[in-house]
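As structure tokens, here come the structures.
Below are two complexes that have subunit A in common, paired first with subunit B and then with subunit C.
Showing the complex of A and B:
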């Protein structure tokens, strides 16, 4: 296909549908442009970067929500799985619509948090929001990717701004060091990922996720056992691709940057890294899983590849969770502790994805079995998405408490937080709720999320017993995590404040306190009223499984 | 009154919020609100007990589960999970909830003056704990049960950690982590039961049920020997499920090697925490065995019987021996709990109605007697700020009323006829004797040891030579007594006098009494410290009244317990019968030379058990 024809192709099917369904990203791009112009032309005298970013994000969120609602209505009348955008480079479906809303809502919450916390200050605000929105744009593209090159592009678009964000606290050595570490790691991971993608392209002759199946069938020619060089190359390539995504997800063994970056960056940036990039990476993993399910439907001889990948992912997930939790034990810096906690949480997300791989890629014997598999896969996706939703709020809660206390105490060291509960009981209770939810105690949202993931692992265990082992590891890890979460609570509730300490006062009705309360409420509500969100996610998940 | 359970859960929850918001500036108000709330709950509990009809039948079957409320909660559509907010009581949970209601009032009354730091938060947490406890016993849905089970940990964690004794922080964390670690495994076991129930019933399109009575009924049917495949599957996974359930419940009871959290938590907790922990929370463990392990994996229970029985026996004797060695009153009572709960478990694992009824009755009895003991010890501690047994002596002469109640409670705890402990121990022993004489013999040793350490405690503290601890902070003295600077100086003066008295080790009681302290019939020792006042009487008297009631007329309680145990006994005996038949069949197959049938471990154990019966 020549260049001209390609451009023609792009426009033929793209003009009517694509830009409309790409509206959220376009609005963000416009906002980015406006931010740049505002910074160049009206420095200090314009409408203000924060307001501009907030308005742009809010509009994009409105459009995204509208599209999600529209997708739901369309889906009920005529179930369609997906609409390709830009000649199949991107894809619009329930997952795309949902992740967009998720990321945009999170961005809006981030903007309100930063406006309350005072980081960034007025001079830095245009840069900060430019980078933040740019990174979100990358993640949204990543979540909608239907082509290996777009996956790579998305990871890079999301990563490059976040390198700068990590080093945003200018003049602090630890911050610069963190940024450098993060960047070197990121560059390495991207390189490895790109190598994997090039292997895939060479192997299959196409970069499109949805066209992998037929190419693979042609390449394999019926022999799909692990002994053939082609399947080995396929596994190697996918494993290399996982390096890039695992690095965004901070899964073991690509987690080394995470604690340092979190400790070096401001709590706000750490928060953005912990939630948004995990959501994007998880969505990309789900996409790859779905593509693999399609591949195996067309080329069933490669079944063994699927199971190997799924089990490998599950074991990696179990290691990630255990590693994260155990490493959090001796931490005394709150950001560092929460960094390890997010590694552990990423493990749970990964467990859900592994369940999807194992269930979806298992051999299909009969029609009834296929239906059961479809239900199981949909449940796994639903579990992961639900986990993401709860995770967003509980991490927001925990980090915003860190922000609130830091702003008064000027310390993120746990021992200095002693007795915070006496002067700021509301803040402490919110932190307790978030940490209990992160542990997975009922009746909080975290419990329901873990329950769903463990349920999926049980289902997957019927296809491969290793997943049952992972389920037990996952459940036991909640106990390990409880140990260090309780240490935090013990310090702020039980220990008396040091005599010379500044007392933290933050009523829940004011400023940051109000924000903390606002994000803690969903943590509780999602544990009590599950059905509306679970129903929506169920519809989305079902639509993804053909 | 069908909504009574819902109200019993919601009332303390609402009360907790109210106490927190209205009581923060006014501790008086916080206390009063909590007391009113717990009294209302107690009234509802009485109403519930009266409304429970042990003879109620649906069709020809007795209807033991009553006052059921059920609302859809999570899922429910299609083939997804159907988790319901369903509550109900049978003859076992009925008494557990009533016990909670009773002990809550005691807990509020003994905390009245003892808790001075942030009382609003303290009482709110206590009410939250009550809601959780009522919920645990009333829940008829597995997720709901687990929810309440975990929910009880959080308030207690903060109660111990903030208002506890010297080592409270570590105690709170250890308690939380221990219990949580076990309960996670228990939860996995329960989840496995739910999910394999769905697999076994093999009816696509059915919602995934978490309803406990339905699961019990279905599993009984599905794993009947007639369904060979399911039967063998259950035979295979049963022991693993049992172990998972065991992990959580055994820690909660606590059985012997898992008891180490208990003395620490009991000793460090504030008085109300100890009362509720020993009185009600431990019962969740034995209740869990009765509610889940026995009816759902009966065969595994038979297999594991020797293990559980020996662990219980070790607990009984080891706990008693440790109690003998303690010099801290609270620690002594804590170790005695290990001993008593072992006894209770042994009764339950007799697997016959007599033994199980005894076990359940012992659960109630232990709740009453240990609750009362911790309450009285707490009152003593509030007066003198020491729990050291050596520091006390001859307290009868100073606190005749307290001594009366303390001795009565001790008698109840060692099983004196006419008091509640006797009835429970008798039934449990009879049941055990029926099941296995060996266990009964060993358990008897525990009773003797129990009488020893209990009576020795009474002797050392309340009888003998009068000895009063030195009061360091007289202003903490019991309310009603003059708490002035003068009283303070009295305390100091007395401290000197005490030292003097100690040097006259050879003096008899009378001589010591006439040591110039006061007139012989007036208050002895520090006059600023008085006997039980009206509030404290109200905390203790209801418990003692219940002890006499159960001791003298246990039939009312037993009439309600027994029908709920009958199905469990039937299930246990049927399973044993079925297992023996299956075993015989397999032996036959093997003897016929068709092929050597693999023998499951459980068969071997069962036959061994049967043989020991014949001996």
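Showing the complex of A and C:
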């Protein structure tokens, strides 16, 4: 085969547009290369890694936003669900475009936070940003995955740089220990995930998510009850795959790394772990859910598989939330407390995904029923994406307050923080807003997000009553979480400062304070003005459900 | 050549070889003498020539090396075989573990060249990927991570050079004798009966698999070509993603490997 012929074959599926639709990732890769060259040639004297990374991310974000807008316009004129990229390994649709923008926006905020907080220092900056962008690249690929191999590679690519990021504060024992724990746990989880993927490939004969349906139909041959070995193997394989994704999501029982890694890593890295990897993993779960909906449309005999998966996820989500909230009670280290809080938040994300599974994979009796199901599934996806958006800002707010206080107090221990509100009232108020939003108090963004997720759970309960139970657990958990968030605020606002304490001064108009204010504003705004974002997410969610 | 004389030559070459290796192995002060290393190197060369003449004589009892056919094939064969042996010796005798790892990579590269000559292209590719790629890079990482301040004494020096050379010679001797007796006992020349074509590993595999495996593979297109097409047409995105993943991993490893303690003072809270 000649070269020309080979190149022709590359494009035989009519996806000449692949590289253009992959532009964000390509720009990030170019930025990675530029960072390496900068480090190699102009060590310490070049443009500066931070600026390079920021410019690269900003360009990618611009392209991503433009693509998202283009997708919206195209979608209104001709609703296409998805465009396969690169011989069907990746897929470009509303979810891909949205998660890209989400991750890139987060990365940009991360870069500005790190430039304000001074971690990493100038010498480490090229490595730090290279790893950060590499990790984001992995998550973007993961969110666009349409093939099990890419799902695995995306998880790996997101994980490998973050192992190093966690251990970035070298020489600190606790940091190295955290990195080691994180890595060993991650290696185990991805090994298990790979095993699940190999089972799936063996069972279905294809790794493509969109081709699962026909081959499953062939394998099942009409009998889809749980008694057949094939359905059992399918459930086992998907459960094993979930190990890898649940690890990125820090869902119970894969959450063990989370508190240690957060406490050991710098607050900036913990922030990246808490938001970006959860967003990527959630997007991957939504993708798997959508693929399963397609599968069941073609092979309806596998209905029980879907319900089992959905209910399993819901129960796991309830346990995750409860575990996270209960474990956060006795914590005195702010990062550790927030780590448990993110586990609880992951539970809520998982609840939304579980609702998608249960609604989308329920048996369809009539056309009216099918339409109702499609609406319900779309609402579940919308709820999860909305939750992700709010979660991004409220976690950014909480962690950037930790960063700001740490930079002056040199402590992340809660007792040391006593009385911070007296000298830095702005910071304390922003922290209070973020924590109340994390709890889910009205009128903040977190309230709307939780309401949407619990609403989907209520819908899902009509298909399987267990989901109603999960909804009640979710609602009760907001009360539990309020207690420990209030304890933090009580310490900051009402406890007298220790006698030898340095007083924290951080007006909101300066440096980190401005950043904290900047990310807290959306937390409030998203609670008051819901419709624009919700409308966008609704369009995206509707387009995903055929 | 009679079988017994083959054995004699084999044993002789092994003894010379072990002795040469013994002289070349790095030791405390003694190995500083250039003379003994030169003698050792010469002895190794002698042993290699002994082995070479043994097989080049075209005796029916020595089939482990094929010396048929055209000059180009023979030339490549001898070049690669020699390179492989020389690199192997340098691998065990060099003092710097990094050099050892690199020589090891060289051994594997020349071995995979030999596989290519025998038409076993998949084996060649797999050798490069698995060994030269993964194992050697891992070696280098380990060396980098474990010994940032240079190699420790126990890595640079041989503690029991004599025993090491003896054991090495013994192991190779057993392998060699097994090969010799096996090939002397069975006429694997049968494969050559198909014509002037050189028998290849692929031929043997094809005969062996014809009875057990359904022939899914397009015979006009080799295994490796099929693999390559799948990898670089359907899955080329994955290949690229793995490339970036490895890049990030290398940067991470370098970051961990370099020691910077002063960083801790600033962030020690």
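Things to note:
We adopt the following convention: the second predicted complex is superposed on the first by the 534 of 546 C-alpha atoms of A that agree within 3 Å, B and C clash if a C-alpha of one lies under 4 Å from a C-alpha of the other, contacts with A are read in each partner's own complex, and residues count from 1 in each chain.
One rule holds for everything that comes next: contacts are C-beta pairs under 8 Å (C-beta built on N, C-alpha and C of every residue); 3 or more make two chains touch, one makes a residue touch a chain.
What you see is a predicted model; the values in this text were computed from it and never measured.
When the two complexes are overlaid on their common chain A, residue A:86 makes contact with subunit C while staying clear of subunit B. When the two structures are aligned on the shared chain, A:495 is found in touch with subunit B, with no touch to subunit C.
Applying the stated contact rule after C-alpha superposition, one finds that A:160 touches subunit C and leaves subunit B untouched. Ranking subunit B and subunit C by residues of subunit A touched puts C first. Contacts of A:285 after superposition on the shared chain: neither subunit B nor subunit C is touched. In the superposed model, A:328 makes contact with neither subunit B nor subunit C. Legend: residue contacts after superposition of the two complexes on their common chain; A:171 is shown touching subunit C, with no touch to subunit B. Contacts of A:119 after superposition: subunit C is touched, whereas subunit B is not reached.
In the superposition on chain A, the residues of subunit A contacted by subunit B and by subunit C do not overlap at all. Taken in their complex, subunit A has these residues touching subunit B: 368, 372, 375, 425, 436, 441-443, 447-448, 451, 454-455, 458, 462, 471-472, 475-476, 478-479, 482-483, 486-487, 490, 493-495, 530-531, 534-535, 538. Of all residues in subunit A, those touching subunit C in their complex are 1, 6, 9-10, 29, 32, 36, 85-87, 89-90, 119, 121, 123-124, 127, 130-131, 134-135, 137-138, 141, 147, 149-150, 153-154, 156-157, 160-161, 163-164, 167-172, 266, 406, 409-412.
Against subunit A, in their complex, subunit C makes its touches with residues 229, 233-238, 241-242, 244-245, 247-249, 251-252, 254-256, 259-261, 263-264, 266-269. Subunit B contributes residues 74-77, 79-81, 121, 143, 146-147, 150-151, 153-154, 157-158, 161-162, 168-169, 172-173, 176-177, 180-181, 184-185, 187-188, 191-192, 195, 199, 204 to its touches with subunit A in the complex.
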